[in-house]
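What follows is chain A paired twice: with chain B in the first complex and chain C in the second.
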Partner chain A sequence: MYLNYLANISRYIPELLLVVLMVGIIILETTYKEDDKNKKYVFITAFIGLVATFVSLMINLSGKSESIFSGSMIIDPFSTVMKMVMVLGALGCFYLSTISSEIYESLKTEFIIMATGILIGGMILASANNMLMMYIGIETLSIISYVMASLKKNDERSSEAGLKYALYGGVSSGIMLFGMSHIFGAIGTIQFSGMAAIVSKLSHNQLLVLLPSFVLFFVGIGYKVAAVPFHMWSPDVYEGSPTPVTTFFAIVPKLAGISALVRVTMIFFSFQSPLRVGWVGLMMAIAALTMTVGNVTAIGQKSVKRMLAYSSISHAGIMIAALTTVNQIGISAVVFYGITYLFMTLVAFYITSIVQDNYGNDHFERFQGLAYRYPFMAIMMAIVMFSLTGLPPLAGFVAKFNIISALVESRYYTLAMVLVLNSVVSAYYYLKIVRLMTLKNQESDEEIEGFGFLNQLIIVSMTVPVIVLGIFWNGIMAVASGAKIFIQ
Partner chain B sequence: MSVDIFLSLLTAAFALMVVFSKKTVVAAFALLMTLLTIAIIYFQVGTVFLSAVQVLVNAGAIAILFVFVMMLINLEQFPNNREKNKMKLIITSFTVLVIMGVLALVINNNIEMLSVENLTDNSMKALFDKLFTAYYLPFELATMLLLAAIVACIVITSHEKHEKHEKEELLETEKNR
Partner chain C sequence: MSIYYYLSAFLFCLGLLGITFKKDLISMLLCLELMLGGVALLFILFSKATGFIDAQLMVIFMMIISACEVAIGLSLIIALYRKKQTIYTNDIKILTE
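For the complex of A and B:
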């Protein structure tokens, strides 16, 4: 028994590496004197640690799917691919945190420690196979996020963001625990597969009793991905937090929540039952609402960061829409969307962060005439904005096309139509930036410090996948369609 | 039986002390004692696990939290709003009546009390056997979460660094000018 338990560690190396990395950075930080400015060894260690995690995830990807630690975790291609996307996102945020002046010099190591903690939480959530692991994953994501949101301690909005996040998070995780305890009380096991086996045998009336519990259960995850009735915290938190933290929030917790949602949906609702009808109906309504509310509210925003926050809400809605198909095609579409979303979000936030560092705020006007001073960066920003809108031949188009085709195949025509109409609406605010960059005169001639050669190179290299995936999507699509859910 | 009655009376006495004591610290202490005596009652009827959880969670965590909050906010600045008025009297008497009614119902109908035999459990061993075998991973990951949370606590509370940030920001604003 004990030996079996320990033998599972060989499949759990990525998470262990991250734990070692976190502890290692805490120890490394203590070796610096109090007023040391340049803590470059911390960043080198973090970089190497994340790359090693990525490599070990790739090794895991080729291994066979199995459930480990007496069924509490699942290692399957789906969770591994999602974890790889999260690690890449964290890597991008770490570099952004080193060049951003929004995080105090003395808190940069702490940012990396806490971000690594959140990343571990996301990885737990992506492969959680029982309710206990899922709860621990969500709490690891949340509790550290509250502090990360208020990292700019002297800024009022940042403190407000942290407090709001903590209050909303506490309430929603309480509601989720309530739903979980209902389900456990009714079914008598916390293991997802065991629960699914019992759920499939229940009669209609018994299932109807369970439906409210599942709705409560959804609240916790829905809050993490900022699905619409629970999205109120997200714009304030995104705007108040320092930009690297916002970037991190837009990628890691969101994708972790989506992957948990995918697993729950696939395990409980892959067979026909009234519960499935209820759940899919709920998901459809939430997806449509999330897309629409996110897009429509994004139109009136003045701050680019806040606009990106609302647009990330609508992107979460699109990913939830693909879930309603409850089949492998939908899941592959979600995985592909997650991969493209990662690159698009990173580039958009990088450029916004650099512009914001220079001018002190991130209003739309700051982008005026960027094309005359930094034509290359303006082109990259334009490409990403076109891709976020979903125009061909960019990656965003392929990702959205996949989801629409999955929806059409399941005959959810209304939802597909809502998705397309929302793309049209989103064009307004995405292309507004392109218009300001190219058609308006510049405000001043001063150089933007952040656009050095290295940073430009990194931004370009992150934009390349957005273009390449729009034309040669076969390779990544093969990975995405290989990302199967394993149920045990 | 006499022990039971003694414990019940002790609990009631401490509970009344929570309500009627003028000093908040005394009230918090009485609350702690109430929770502890309830834990002893649980132990007395044989539910060892429940009693342990009561001591750990209610007496250990929640009562201490009360004391911490009292230390953080200076309660003496708030005026004592314990003046008498009619509404309070009505509500109080209503509550007392309801309690008395329930008590009368219980005594009259001879509703079966909890029997000690049914509740006797030895679940502590079973619980911790599970915790250190089948659920060892969640247990360990919780420690990881606590480690990260400690770093987070240091980040939001450290004072020295706070002053340094102010200096940094001052320098930055001067630079921008």
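For the complex of A and C:
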């Protein structure tokens, strides 16, 4: 028994490394004086820690899938790949936090500590295999997010964003627990593994109880993913929080939520049952709504950050759409989409953050004439915008193509049509930035401080995958299609 | 047994209604606790009915986590109060202008 636990810990090293990193940074920070500006060792430690986590995740990827800690967590290729994407996202956000002026100097280490905490929560959520673990994952993710959203202490918008997030989060997790309690009442266990067998034996009435419970259960995850009926918090929080925090929220909690949703869908609904019909119908409606509402609302926005927030809502909708297929093709498409979404979002937010730091706000006009002042950065931004729209030969196109082909293969033609039409709508607001950058004269000649050589290099190195994945997607696609869900 | 079910459902709905219609943040936070309390009761009830103790484990974790949530919520309310001198939601709306 104890030996079993010890053996399990070897599969759990990435999470443990992050915990050590978090505690280590807390201790390291106390060695600095209050007004010490130069905290570079903290960042170096954080980078080393994340890289070590990434490497240990890669080692984990080659091992066999198994459930650990008495079946409360599952280590399978899917969760490991999603965790790797999350770690990369966190790595990008850490660097952005060091160069952003929106996070006060004294709070920069705090950002890293909290982001590591959220990352741990996301990793728990990605491999949760019972309801308790899922709840703990969601709450670890959420509770630290509330604080992180209000990191800009002197800005009342930031405080309000945090409070709003806390209240919405509390309500949605309450509703989720209400659903979970009913699922437990009908099934009699909180373990996901083996639930499928019990579900198939249930009587008609019990199934009738289960479907509404699953809908309530979805509220909790849907809120984390910002799926449409529960998306109201997302634009406010994204706009109110400092930009590095927004970047982090757009990547880590979202992908964690998506991976939890994938696991729930695959475990409970991968076999034919009346439940599956209901759940797939629900997912379809929510995916279509999420895409459409996100895109249509993004059109009218003045702030680039708020626009990107709405666009990230619509991207979540696209990922949910792929889930409706409930098969491995759909899951691979989701994983591939997650990987491309990571790079596209990072570049878009990096450039927005740097422009915003310089001008003090992030309205669309601030991008005017960027192509004449910083042609290279403007090209990168344009590439990312084209990719987010889904134009070939960029990564966004391949990602969307995978999802559409998965949908067509399952004969969900309507949803595929909605997805294509939404891509057309999204072209309007994405290309608006490209138009402003190239066609308008710039407002002022002043240099943008953030576009130093190093930052430009980092932005370019993050844009390279967006181009490369659009042409040579085979390698990553192989990883994505190897990302199988492990069901006991 | 069913009277407990109605009680916990009532508590849950009361909390949900309260958090929707109340206008001051402290009451909203209290309603949130009421909601979670209702769910905890429900978990215990189902645990008794089905005879599996998994759900009781869940209740303990719920209590811990909801305590954390309220602590964070209160501190956020204080942070906002310091700037706006109010805890009424009508006076706070900045982001949704």
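Note that in this section the second predicted complex is superposed on the first by the 488 of 488 C-alpha atoms of A that agree within 3 Å, B and C clash if a C-alpha of one lies under 4 Å from a C-alpha of the other, contacts with A are read in each partner's own complex, and residues count from 1 in each chain.
The rule is short, and it goes like this: a residue touches a chain if its C-beta (ideal position, glycine included) is under 8 Å from a C-beta of that chain, and two chains touch if they have at least 3 such contacts.
All of these numbers come straight from a predicted model, not from anything done at the bench.
K.L.:
Just to be sure I read the superposition right, which of the two partners does A:Gly170 touch: chain B = first, chain C = second, or both, or neither?
P.N.:
In the superposed model, A:Gly170 contacts chain C only, not chain B.
K.L.:
Once the structures are superposed on A, label A:Glu139 by its partner contacts, choosing first (chain B), second (chain C), both or neither.
P.N.:
both
K.L.:
So, A:Thr31: does it touch chain B (first), chain C (second), both, or neither?
P.N.:
So A:Thr31 meets neither chain B nor chain C here.
K.L.:
Touching A:Ser10, do we find chain B (first), chain C (second), both, or neither?
P.N.:
In the superposed model, A:Ser10 contacts neither chain B nor chain C.
K.L.:
Between chain B (first) and chain C (second), which does A:Asn327 come into contact with in this model arrangement: first, second, both, or neither?
P.N.:
After superposition on chain A, A:Asn327 lies in contact with neither partner.
K.L.:
Between chain B (first) and chain C (second), which does A:Thr189 come into contact with in this model arrangement: first, second, both, or neither?
P.N.:
Only chain C is touched by A:Thr189; chain B is not.
K.L.:
Figure out whether A:Asn361 sits in contact with chain B (first) or chain C (second), or with both, or with neither.
P.N.:
Touch partners of A:Asn361: none, neither chain B nor chain C.
K.L.:
After lining up the shared chain so the two structures overlap, which partner does A:Lys153 touch, if you call chain B first and chain C second: first, second, both or neither?
P.N.:
It touches chain B and chain C both.
K.L.:
What part of chain A is shared between its chain B contacts and its chain C contacts?
P.N.:
Residues 132, 136, 139, 143, 146-147, 150, 153, 162 of chain A touch both chain B and chain C.
K.L.:
Provide the residue numbers of chain A that touch chain C in the complex, in ascending order.
P.N.:
Touching chain C: residues 131-132, 135-136, 139, 143, 146-147, 150, 153, 156-157, 159-164, 166-167, 169-171, 174-175, 177-178, 180-182, 184-185, 188-191, 236, 239-240 of chain A.
K.L.:
Mind listing the chain B positions that touch chain A in their complex?
P.N.:
Where chain B meets chain A, its residues are 133-138, 141-142, 144-145, 147-149, 151-156, 160-162, 164-166, 168-169, 172, 176.
K.L.:
Quick one: in the complex, what on chain C touches chain A?
P.N.:
12, 15-16, 19, 25, 28-29, 32, 35-36, 38-39, 42-43, 46-47, 49-52, 54-55, 57-58, 61-62, 65, 68-69, 72-73, 76-77, 79-80, 83-84, 92, 94-96
K.L.:
Considering the complex alone, what residue numbers of chain A touch chain B?
P.N.:
On the chain A side, the touching residues are 1-2, 5, 19, 22-23, 26, 34-35, 69-70, 72-73, 101, 104-107, 110, 113-114, 116-117, 120-121, 124, 132-133, 136, 139-140, 143-144, 146-148, 150-151, 153-154, 162, 360.
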